[in-house]
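Note that the chains take the letters A, B, C, D, E, F, G and H in the order they are written out, and that residue 1 is the start of every chain.
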Amino acid sequence: MLKIGKYTFNSRLFLGTGKFPNFDIQKEAVLQSETDVLTFAVRRMDIFDPQQPNFLEKIDLKRYKFLPNTAGAKTAEEAVRIAKLADASGICHMVKVEIIGCDKTLLPDPVETLKATEMLLAEGFTVLPYTSDDVVLARKLEELGAHAIMPGASPIGSGQGIINPLNLHYIIEQSSVPVIVDAGIGSPKDASYAMELGADGVLLNTAVSGAGCPVKMAEAMKLAVKSGRLGYEAGRIPKKTIATASSPADGLLV
Amino acid sequence: MEIRINGNDVTIPENLTTIQDVINHYQFKSPIIIVEHNDHILKKEDYDQTKLKPGDHIEFVQFVGGG
Amino acid sequence: MLKIGKYTFNSRLFLGTGKFPNFDIQKEAVLQSETDVLTFAVRRMDIFDPQQPNFLEKIDLKRYKFLPNTAGAKTAEEAVRIAKLADASGICHMVKVEIIGCDKTLLPDPVETLKATEMLLAEGFTVLPYTSDDVVLARKLEELGAHAIMPGASPIGSGQGIINPLNLHYIIEQSSVPVIVDAGIGSPKDASYAMELGADGVLLNTAVSGAGCPVKMAEAMKLAVKSGRLGYEAGRIPKKTIATASSPADGLLV
Amino acid sequence: MEIRINGNDVTIPENLTTIQDVINHYQFKSPIIIVEHNDHILKKEDYDQTKLKPGDHIEFVQFVGGG
Amino acid sequence: MLKIGKYTFNSRLFLGTGKFPNFDIQKEAVLQSETDVLTFAVRRMDIFDPQQPNFLEKIDLKRYKFLPNTAGAKTAEEAVRIAKLADASGICHMVKVEIIGCDKTLLPDPVETLKATEMLLAEGFTVLPYTSDDVVLARKLEELGAHAIMPGASPIGSGQGIINPLNLHYIIEQSSVPVIVDAGIGSPKDASYAMELGADGVLLNTAVSGAGCPVKMAEAMKLAVKSGRLGYEAGRIPKKTIATASSPADGLLV
Amino acid sequence: MLKIGKYTFNSRLFLGTGKFPNFDIQKEAVLQSETDVLTFAVRRMDIFDPQQPNFLEKIDLKRYKFLPNTAGAKTAEEAVRIAKLADASGICHMVKVEIIGCDKTLLPDPVETLKATEMLLAEGFTVLPYTSDDVVLARKLEELGAHAIMPGASPIGSGQGIINPLNLHYIIEQSSVPVIVDAGIGSPKDASYAMELGADGVLLNTAVSGAGCPVKMAEAMKLAVKSGRLGYEAGRIPKKTIATASSPADGLLV
Amino acid sequence: MEIRINGNDVTIPENLTTIQDVINHYQFKSPIIIVEHNDHILKKEDYDQTKLKPGDHIEFVQFVGGG
Amino acid sequence: MEIRINGNDVTIPENLTTIQDVINHYQFKSPIIIVEHNDHILKKEDYDQTKLKPGDHIEFVQFVGGG
């Protein structure tokens, strides 16, 4: 049972809603993932094409907790404005602070992220900042009162998986709030690995929406997150450079 | 009347006098609409009391897929 | 549906039966794993303690396919003798050729493994040789007629996981018989990774029997294998060194 | 009678004359027993016809946990 | 030729002076390394043991450029005080901003590091901040006017080497000031790797002072840094998953 | 001082001579590398272009020890024929058994390699077999009497570097004859790493001949091999997951 | 006279009246000494003009090995 | 005379009667030449005693760049 702020979730997999081939595949993938939390972005409507379909038409609004992101913001102030707009919809529960500091790597801006987190907490939001795997930065976000820490595994959409397990381990170890590994997950083993490290959850999007078959990959990720969590709870064997026989050494016939 | 909507200067029919009128005019398909009127976010219940005047700028905002 | 020789299996997880804390935990772990194939070793009985309990007492013999190994053999001839003894029990279906060539690393002997595989095939056995990840050696085993190839991920019981994914990829790509990644799996992500690479199955033992909670780890491995297989079938996103936004670039508010 | 079982020289009671007798004598708990008699693997049905003579070597083999 | 602020260096290896077995070994290691830059810390004298020998007695002060660090500081203000004390010695040339934000990982405090860098630049120092591999943080340090960026390869003294080559690559690519990889180097290959990635230099200490033979390791590191730099300038071959023969395919005898 | 059979070498870098841009660059690269051992292949002359220049025209034949390879051979018999032809030239000293078992990966055939090694040893050759990193196979080659073992780091020309350091470590540890890491080296850090692991030497070709500037890369590799060897002799610090300060904890000003 | 040096309360002989006197008194072996007098960093040339009074706090600082 | 050289059937001038004659004829530039005559490797000193007859097959081999 994962608890963030005043919300509890059965699933430890958070799913983004960007770039699915179409809304039907997206709907089916969301169902297969068994996620409780959906992420999306805030954008202007196209007044020249007001009949444009919207992905929410296919989604049962009562079934999920909504985590809008502040993507597009380059400053804390812009992020706060986007968060408030999202909040005005009346359907949102939390906010993902996402302030990109580099257009090429899409890595977050540590200073603006700290500032936005502080401002949104002051406004009473449930705040989940997307951050780099800088260990001290993660601690400062927690000290401000962030409800969860969301360090990236690798750059958004890169599918590089977990590049620095040591930093994630440090962040998980030091945090008393949930740690959700966000961004960079490319395949089920990456999601499983994040959970094995002790993460409380995984947030991913492109790994599912960009897969050859998003629906199947959504199920794969659901199972991967569960397997990693169970593996973490079960306690893995230590890594050794010496082999150990699984068959007994006594009673040999020869 | 000349107003600014989502960054575009548009001329709206004279019979549109409130935010609600404009919304009805566009018949947005999106199930969720958020409105910012002159940098001020509106509550739904204020849509039809909010009168428009020339030069107003309005943002009609929705949710789209994102991660 | 995995097919080896004349047998088909619903589960792609093969489980070894060595070194569980006790037979009750083993029984429960075996059930949780939902495996169809159990591996075990052939040993002399202790005539001075004939009442010694045996793990098979707890196992429903009709429910599984049995894959005895030839562990303890240092030559092809010894392996064949062990295989025949196992076969005489009347309960076995296949044989895992396991001829250790190094007591420290427990890595297999390529020459004796080739020889034993050839001899056992001539005797009509369904033969699954445990081998190193030597790509050409794997092809020669297939050319002899081996019913599956079982390359190691890393040394037996080391928990190092998949050290050389490139060789496994080559072996999987070249093989027209099933490839079961055997030995070295340490945690669920390793099992998931093996399956993502396109392996047809995973055989593991210590990762479950040596875990803090073997029963939980058995379930974790079951899910990990499924997640990796689904991920392989779904088709993962490519790895990129440039990030790609999951939120759209148009309709920005700022 | 002096025979060799599983690598040990043992003296078995004179009333044990067949493989089956020896198996009954030990009452092995293992559900599966495989028997090798003078390097020759026996079928179950041959256990009670297989007579023992001094110096025979027998292997009683079972399955144990392994990977 | 490496240029930092108004200084130029022939060697791209910066050497720390901590924890050598004794001052003679340190002196010899420093010579073997052929470094131009020595790092050290600022500490109170022990007034109860004023005759305590000091490592500088063995060092030719005219031969090196000195880079005192601000280790021990937990805030920007403390770092500035330490930098000014070091400067008052009249022998220093630059300052390494080192503000630890976590006693266990010894990872730097991003906020205080930014602040101290800004304050010291205003005071006219030549400032080289030790930072995490947070890409946007590195850019902000450069924007403040830092004379070089010193991202860590892994935690100080851990010997883990380069854990995240992608972030280092991003930092090197975006920086117009020199990038010196600082902390975590464990062996020559790590130093060579940092230079291959395009780093302008490497700063290390424990890898040499803690080695079995510090003098020999100092020479090893000197060669490793040169090899990596030459490799970077020469341009390495691309990595491929398909092999390519080095012997010709024509004129075969068979 | 490296000793193989009756030969001793000052340099631990063996250089292949394939695929250089031209013979002048090759000659200069060979000089810069300071190698003592050159490898080459045996091929038919082109009788329709008998004036074709040959790389040996540029090489001082007295300066080097020559290690012809048996590339092109698919069987032990073919390899022996090629070795004897090379030997008939009167200029060769050793032979590199290279019997490719897979055209795509160019990985060696373990069975034919064992056979050819045995046959050539019987003929009195100094035999250096190129092999996979199969640990038991390497031991069998040594048991046959091979004068050195040459395991691949990764596929020929792939530039993937050392994929499986554990197997190389095992091979180096078990071998009483020199171990030369052959094939797959892509950059100086790879060569340095091989030597750090305790290898007695490195054989590479494409990493130099295919580099942007082969002459510079040849020098880089020379330094990398030396740095790795010195690092191995000096003894590296252990890897730790906990940081250790290089500056002292006492005498703090604050 | 009672002063504070490097965090320790010490009583120095009455004949020590300047920073330079104290430095001479301790005969520090370190080739480089930096002096902070009442939170104010001193130049070398000021050592002998800088008079001490009871309660002064002084920091004698040096360089030590570090990375 | 019709012989086979390096896998090619060639007709050589009648005045070429020994291996050495053929080598001189081609003037190979390669500093090192190895000769196989009817599957038999020749020593240099045998080049001019080795007579050719129709149908002989010869391999002229050299060293080329390789790794």
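In this section, a residue touches a chain if its C-beta (ideal position, glycine included) is under 8 Å from a C-beta of that chain, and two chains touch if they have at least 3 such contacts.
Predicted model, so just to flag it, every value in this text is computed and none were measured.
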- request: Touching both chain D and chain H: give me those chains, sorted by label.
  value: none
Field: E-G compared against A-D, more contacting pairs
entry: E-G
- prompt: With chain centres defined as C-alpha means, what is the inter-centre distance between chain F and chain H in Å?
  reply: 33
Task: Would you kindly tell me how far, in whole Å, the mean C-alpha position of chain G lies from that of chain F?
output: 63
- request: Would you pick out the residues of chain F that each touch at least 2 other chains?
  value: 16, 18-19, 41-46, 69, 71, 85, 104-105, 107, 155-156, 160, 166, 205-206, 209, 241, 246-248, 251, 253
Statement: Residue numbers in chain G touching two or more further chains are 59, 61, 64-67
Chain F residues within the chain C interface of the complex: 101-102, 104-105, 107-111, 114, 132, 134-137, 139-140, 154-155, 160, 163-164, 166-167, 170, 174
Query: chain F touches which residues of chain E in the complex?
result: 16, 18-19, 41-46, 69, 71-74, 78, 81-82, 85, 98, 104-107, 155-161, 186-193, 196, 205-207, 209-217, 219-224, 226-228, 230-231, 233-248, 250-254
Field: Footprint of chain E on chain H - complex, ascending
entry: 59, 61, 64-67
Task: Please name which positions on chain D make contact with chain C in the complex.
output: 5-8, 10, 26-34, 36, 41-44, 59-67
- prompt: Given the complex with chain B, which residues does chain C contribute to the contact?
  reply: 246-248, 251, 253
